[in-house]
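Each of the two complexes below includes chain A, the first together with chain B, the second together with chain C.
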Partner chain A sequence: MAKLNVSTRYKALTRDLMWDPKDVNIKEIYPLIEAEGIHIRDPKRWEDPFRMTFNQYVKIQSEKEHLHHAIRGAFEANHGHARIVDSRWFEGVKAFAVAVQPAEYAAHRLMAYIGRNIPIEAIRFATFNQAVDELRHAQIEIKHYAHMSRYYDGLHAYSKTNENLWFNTVPKSFFDDALTSGPFEALIAISFSFEYVFTNILFLPFASSAAAVGDEHFASVGKSVQSDESRHMALGMAALKMLLEEDDRNIPIVQRWLDKWFWRCYRVFAVISTLVDYYPRIRAISWKKAFEMYVEDQVLNGLFKDLFKYGIRPPRHFEDSMKEKEHYSHATMRILDHYKHANYFRGFRLQPDDYDWLSREYPNTFERYYAPFFRKMDDHVMAVASPGLPAVCAVCQIPCEYPNPDRPQESWTQYVEYNGKTHMLCSPGCRDIFLAEPEKYMQWWWPAESYLSGEFGSSLEDMFEYFGFTPEEANEHYSSRDYHRWIRYREELGLDKRFETV
Partner chain B sequence: MATSQQQYVGVDLDKNGGAVTDAVVEAIQQDNPGVELVDFNIYVKVKAPQRMIIRRQLVEDILGRNWDLQELHMVMASYFGFIEEWDEEKLVIRWSADES
Partner chain C sequence: MTMQARNLQPIRQQPWDWATKNEYEEVTLREQPYIHGHYRNKYYKPDYDIYDPRYTRVRVRDWEAFRDPKKLWYQTYVMTRKKMADEVEALFERAGKLAIYERVDPAWRKFSLAFYTPLRHYEYAGAVQLQHVVRYAMGCPIEQAATYTAFDKQGRAQWLSTWALEFAGGEGLQALQHARQLWLEDESYDKLRSYMEHVLVTDDWVEVLVALHLAIEPILDRLAYEQLNAISIEHGDPVLAELALICSEQVQWQENWTASLFQLIATDPTTSRWDYLKSLGYEDWPGDYRWGRTLSNPKSTPEETLTNQEIMSQWASKWISRAIQAVTPLQSLLDRHGISCAVEPVMERAMASYILPTLEKCGIDVKISV
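On to the complex of A and B.
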C-alpha cells in the first residue's frame, strides 16, 4: 500500500462496503431511505473529507489511548484528586457523569443506526468510526468515575443512578428523540447540530477549566474525547452540504431540522453552562464568551453566511439563545439549587470570589437578578429548596423555571393545549418544537408523575434506593461529608501545610 | 446575513502536541496572511480570514523530521470552515461565501 496516495488508498480500502443486491429489492434492505422526503441522486460523489482508512484509524486511536492512560495512571498514583484547588469541582464532574457519559453511549447507538440505514459508503464508514469513538469516550469517562468513587459520594451505583435519576431524562430524551427520527434527520441532528455547532463549547472550556483547577485527569479525558471531534464535525459538514447540493427539494426539510435541532442541542447544554460558570473555582472562560466565540462567531457569522447561497437562513430562535447568554448559567444553577436535596451532584455556597467573578463577567444580569437569590441560599442553604415536584418542559425535560430574557422578572414558560391536556414548555423554542410534532412529544415521561403513581416505591427512602444513592449524598457541598473527606485526605498527605518563606 | 464582520476559518490545537503544535502554528503563520492566535489555556486557536492552508513540507522543515499530515489528528481538537482538500501534502480549510 505504500505507494498509493491518500484518495486512491481511501478508495481501495473502503470500496465494496456497498453492493447491489440481486435477490431482493434495495428498498426492502433500506426501508427508511425515502421515508423523510430526502432525494439523493448520486451518493457516490460524496466523500469523507478526512479520507481516513481503518488501519490509520486504529493506529491514531491507539496512540490517543496510550497518551491518555499514561496521564491517568500518573494522576491516580500521585493522588491528583487531593491536589485540585477545591473539591466542589467534583460535583461538576458528577454532573458531567450523568449528563455526558450516557450521551456518548447513546451516540454510539445512533451512529450505528445511521450507518445501517444510509447506503452511502463514505457516510457508512465515517459513522462506523464514530460509533467506535463514542464507545471509547463512554469508557474513558467511566474509568474516571470508577477511580473517583474510591473517595467521593454518588458514583457507587453508577449504572443505577445513570439509568434512574430524574435529571437524566434530559440527555436521555434528547438522544431518544434523535434515535426515533429518520436516519437523515438523525445525521443532521447529531453530526451537524450537536457536533459541529455545540460540542466545542462542551469539551474545550470544560477541559480548560479542569486544567485550571488542577484536575489533569479530567482535562485529559476532555482532550482525548475532543481529539475525535474534528472528524465528527467533518462528517456533519459533509452530510449537510450533500443534502443541500443533491436536490432543491431537500432544502426546506433540512431547514426544518436545523431549526429544531439548534434549539434542542442548545437546551441540552444547559447544565454545561453551570459547569463553565459555577463549578470550577478558577474559570477558563465564561459561558457568555464561549457562546460568542464558538456559536456566534464560528457558526452564525461563519458557517451560516456560507449556507445563505443555498437559501438556508440561521436557525429559528437563535436570537433567543443570544439574548439568554447573560442569564443561562445563573437560571440553570438556580434550578439545580432548587432540587439539590434530590440530586446526586450537589449545589454549593457561593464564595466571595465567586460573587466577584460572576458580577464582573455578567455586569448586566448577575447582581440584579441572581445574586439576591444566591445570598439568600448561602445564609439558609436548604431554605430555598423547592418543596414540590418540578413542572418539567415537555420537550427538553428541564424544570420550567427560565426567565424571559426580555423581561427577566417574568417566567418564559409557555402553555400548549393538545389532546385535552395542558403541556408546559420552558421557552418559545421548545414550544415550537412541540407544536411541529405534538404526537411525538405528548408521549414524554415525567418523573414526578411516576413518583406520585408509586413507580419509585412508596416512600422517599424507596425513591433514593431507586436512584442509587442516599440523602446524605445530596444537598450542599461545603457542608457535606465529601468536603470533609477531601480535607482529611489532604491532611494525610500534608497538603494542608503552609510553608513560610522568610 | 447582512453583517460586515470578517468570516474566519481556523483550527484549535492541543498544546499537548508540544513541538508539533508549535511547528504547525508557525507553518500556518508563514503560509497565510492575517493569522491571529488566541491563547486558550490548554489549547491555542489559530484563525485566518476566509482561507487557511497547512502544508506538510513546511511543517517538516520547521520540525526537522518527517511528518505525516495524518499526525494532525492527534492535535487538531476542532476546526471551523469547510475542509476543501486534505491529501498527503496539504490541508485547505475555507469558506466559499465570496464565490456566489
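On to the complex of A and C.
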C-alpha cells in the first residue's frame, strides 16, 4: 500500500468533514459569519500550522501531564512551599492564581465559540485543540493553588474573588470583551494579540523567576503551559495572515482590531510587570528587558516589519508602551500598595537588596520617581494605603494612577464625555479603545458602584464576604500571618538551621 | 525505610470554601463565573449575559450539582484517551502486518467502506455543535463533559478516516471522496445528513444534547459500534469490530453522563431560572445595579410556563421520531450490499434497552411518530 505523506494524510483526516447543508440555510449554521464585515473567499487553502491529530494530541499531552504532575507530586510531598527563598513570592503567585487561572478558563470557552462559528476547518481544528488546552492550563494551575490554599491565605474562595473583586475586573473584563465580540475579532484578539504578541512575556520571565526562587512546581506550570502556547501562537499567525490575504477589505478591520487588542493586552499584563520586577527576591530578568526582548524586538521590530507588505502598520500607541517600560512595574506596584488593604494578595515592604536591584535596573526612573514612595512604608507598612475604592479606567479597569511617561510628575488620566457622563481612562491607549466602541464600554461593571448601590450589603464584613477573603488576608506580607506561618513551617522542617563549615 | 518530610499542619483541610470530595471536583467546581459579566454579546443574542440561564429553556436549582460519573478532568481524560489511541494504532499496525484487509469478504469490504466512512461526517457535525454547548452551557461540570465528548467525536471521525485510508489501500483518498458523495447524495443518508443539519441549527444547548445523546446516537452508535461487530467478524474483518469496541467505550461514557444530566434536569421542580444563584451563595443578591441603567434587566424575561419534563418531552418526541426516520433508510444500504442485518430490531432494542428506561427515570413521556 502506498503510504500517504504526512501532510496529505493529515489533510485527509481533518478536511472536507463539513459540507454545504441541503436542508437548512448555511447562514443559520453560521449566523455570525457576515456580522463583522470580514470577507472570506477560499479558506480551503489555509493550513493548520501544527498538524496535530487526535492521536498525537492525546499522546503528547498525556506525556506532558505525566511529567508535570510528577513534579507537582514531589513538590507537595516534600513541602516545597517551605523551601523557597522568600515567602513573599507566594503573594505574586496568588495574583497569578486568581487573575490568570480564570482567564485560562475563559479562553477555553472562547476557543469553542470561535471554532464553532468560523467555518474554516484548518482554523477550527486548531481552535478545538486549543479549547481543550486552555482547560488544561486552568486545571494544572488550580492544582497548584489547591495545595497552596491548604497552607496559605487568599485563595480559598478564588471563584468569588474572581466574580466580585475590583482587581479581577481587569483580566475578567479583558476576556469578557473578547467573549462578547464576533468570532473573527475574538480570534485576532486572543490567538494573535494575546498569544502571539504577549504570552511569551506572560509565562517565560515568571517561570524563570519561579525557578530562581525555588518554586519548582510553579516553574513547571509555566513551562508546561508555555509548551502548548507555541501551537497557539502558530494559530494566531496563520489566522492573521489568512484574514489579510483573503480580501483587501479585511485589512482596515484587522488593523482596527490589532490597535485595540495590542493596548488591551499590554494593559492586562500590568500586574505581570510587578511579578517580574518586585515579587521574586531573586529576579530572572527585568520587565524592561523582557519587554525589549519579547515585544519590541520580536514583535514590533520583527513581525510588524513583515506585515507592512499587507498594508498593516504597527499598532496604535505602541510607542507609549515602549516609553512606559521604565515606569510600568513601579507605577503598577504603587497602585497595588495603595489598595493592598482590599486585595487578596499582599504588597510588601521593600528590602535593601530590592532597592539595590531596582535602582540598578532602572537607573533613570526608580530612585527619582518611585523609591521615595516605597520608603514611606519603612516605618509603617500601611502608610501609603488609599482610603476607599479606586477610580478605575473604564476600559482596562486598572486604577487611573499611571504617570505620563513623557512628564512623569503628571497624571496620564484622560477624560471623555459620552452620553452625558464623564468617563475616566488610564491612558490615551484606553481612551481610544473607549471612543471606538463607547456603547460597549459603557456596560462595564464597576465594583465601587455596586458597593455604593448596596449590592455588597451594608457593612465592610459583607463586602469582604463578597470578595471571598477577610481583611487579615490582605495588607503587607512581612507583617502578615502568612509570613509567620512560613517561618514556622521552615522551623518544623529544620530549614531554619544554619550550618557552619570549618 | 522511606524518607518522608515531616507533616506540617495545614490551615484548612479542604482547598476551597465549597466542599470537594476528590481531585475532579477540586479542579471543576466553581470554575465558571456566574455574575458580573462585563459586556453583552455584540451580535448573538445581544441582550444576554456571557453566562446566562436563558440560553436554555430548562431551569435548574444548582448547575454546579452535575457530576460526570467518570470524573474526567484534563489529566484523566488525556490519559485514558492515550490508551485508546495506542490501541487503535496497534490495531491498524497488526492488521497491516497480518494482511487482514486482503482477506476480508468483498461484499463486506464494499459495504463497510460505504457505511463507516460517511459516518466521519456524522461524528464531526456532532463535535461542531457540541462546541456551541461548550460555549453556552451553564457551569464547568457540564461543559467540561461536553468538551471531552466533542473531542472524542473528532477523534472517532479521524479513526474512521484512518481506517478507510488503510483499508482502501492505494485508493484511500478516493474512498474518502466517495464516502463524502454518498453522505451528500445517497438516499440512504439523506435523512441522517438532514438530521445533523438540523442539529447544527439547534440553539438551545440542552436540546442539542437531547438530539445527539438521547435520540440519534443511542440508535446509530449501537448499530455502528455494537450490532455490526459480530457480522464484521463473520465476514473476516476483526479490525473494524475491534475499532468499534474502542469507540463504544467512548460512546457509553457519553450516554452515561448525558443520562445523568437529563435526569438531574427532568427531576428538578425549580420554577425560576434564577434559583441557581441561591446555590452559589448569592441568595440575597438584589441583581446587578447596571440592570435597567445601561443594560436590559434579564429578570424581566418571562419565565417558561412548561415544566422541565414537558419541555424535554417535546424535544425527545421530536428528535427520537426524526432519529428513527434518519436511521431506517440505512437498511437499503445493507440490503444493496447483501449484508444481512435488520435495522429495525436494532432500533427497537436501543429504545427498549436505553432510550425508554432513560426517559422513564426522567419521568418523561414521549410520542413517537414515524
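Simple rule for what comes next: the second predicted complex is superposed on the first by the 496 of 502 C-alpha atoms of A that agree within 3 Å, B and C clash if a C-alpha of one lies under 4 Å from a C-alpha of the other, contacts with A are read in each partner's own complex, and residues count from 1 in each chain.
Following the convention adopted for this analysis, a residue touches a chain if its C-beta (ideal position, glycine included) is under 8 Å from a C-beta of that chain, and two chains touch if they have at least 3 such contacts.
Keep in mind that what you see is a predicted model, and the values were worked out from it rather than measured.
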Task: On the superposed three-chain arrangement, identify whether chain B or chain C touches more chain A residues.
output: C
Query: Does chain B (first) or chain C (second) touch A:301, or do both, or does neither?
result: first
- request: State whether A:211 touches chain B only (first), chain C only (second), both chains, or neither.
  value: first
- prompt: Which of the two partners, first being chain B and second being chain C, lies in contact with A:6: first, second, both, or neither?
  reply: first
Message: Contact-wise, after the overlay, does A:162 reach chain B, chain C, both or neither (first, second, both, neither)?
response: second
Message: Let me test your reading of the model: by the given contact rule, A:492 touches which partner, first (chain B), second (chain C), both or neither?
response: second
Task: Could you look at A:146 and tell me whether it touches chain B, chain C, both or neither (first, second, both, neither)?
output: second
Query: Once the complexes are superposed, what residues of chain A are shared between the chain B interface and the chain C interface?
result: none
Statement: Touching chain C in the complex, chain A uses residues 1-2, 4, 8-9, 12-14, 16-19, 21-24, 28-29, 31-32, 35-36, 53-55, 57-59, 61-62, 65-66, 69, 77-79, 82, 102, 105, 108-110, 112-113, 115-116, 124-125, 128, 131-132, 135-136, 138-140, 142-143, 145-147, 149-153, 155-160, 162-164, 169, 172-173, 176-177, 179-182, 440-445, 449-450, 453-455, 457, 468, 485, 489, 492-493
Message: Taking the touch rule as given, give the residues of chain A at its contact with chain B in the complex, in rising order.
response: 5-7, 49-52, 56, 60, 63-64, 67, 200, 203-204, 207-208, 211-212, 219, 223, 226-227, 229-231, 233-234, 237, 241, 284-285, 297-306, 308-309, 314
Query: What residues of chain B sit close enough to touch chain A in their complex?
result: 1, 3, 5, 7-9, 12, 14, 16, 40-43, 70, 73-84, 86-88, 95-97, 100
- prompt: Inside the complex, what are the residues of chain C that reach chain A?
  reply: 4-6, 8, 10-13, 15-18, 23, 26-27, 30-44, 50, 73-75, 78-79, 81-82, 84-86, 88-89, 96, 120-121, 124-125, 127-129, 131-132, 134-135, 140, 143-144, 147-148, 150-151, 154-155, 157-159, 161-162, 165-166, 169-170, 172-173, 176, 180, 183-184, 193-194, 197-198, 200-201, 281, 284-286, 288-290, 294-295
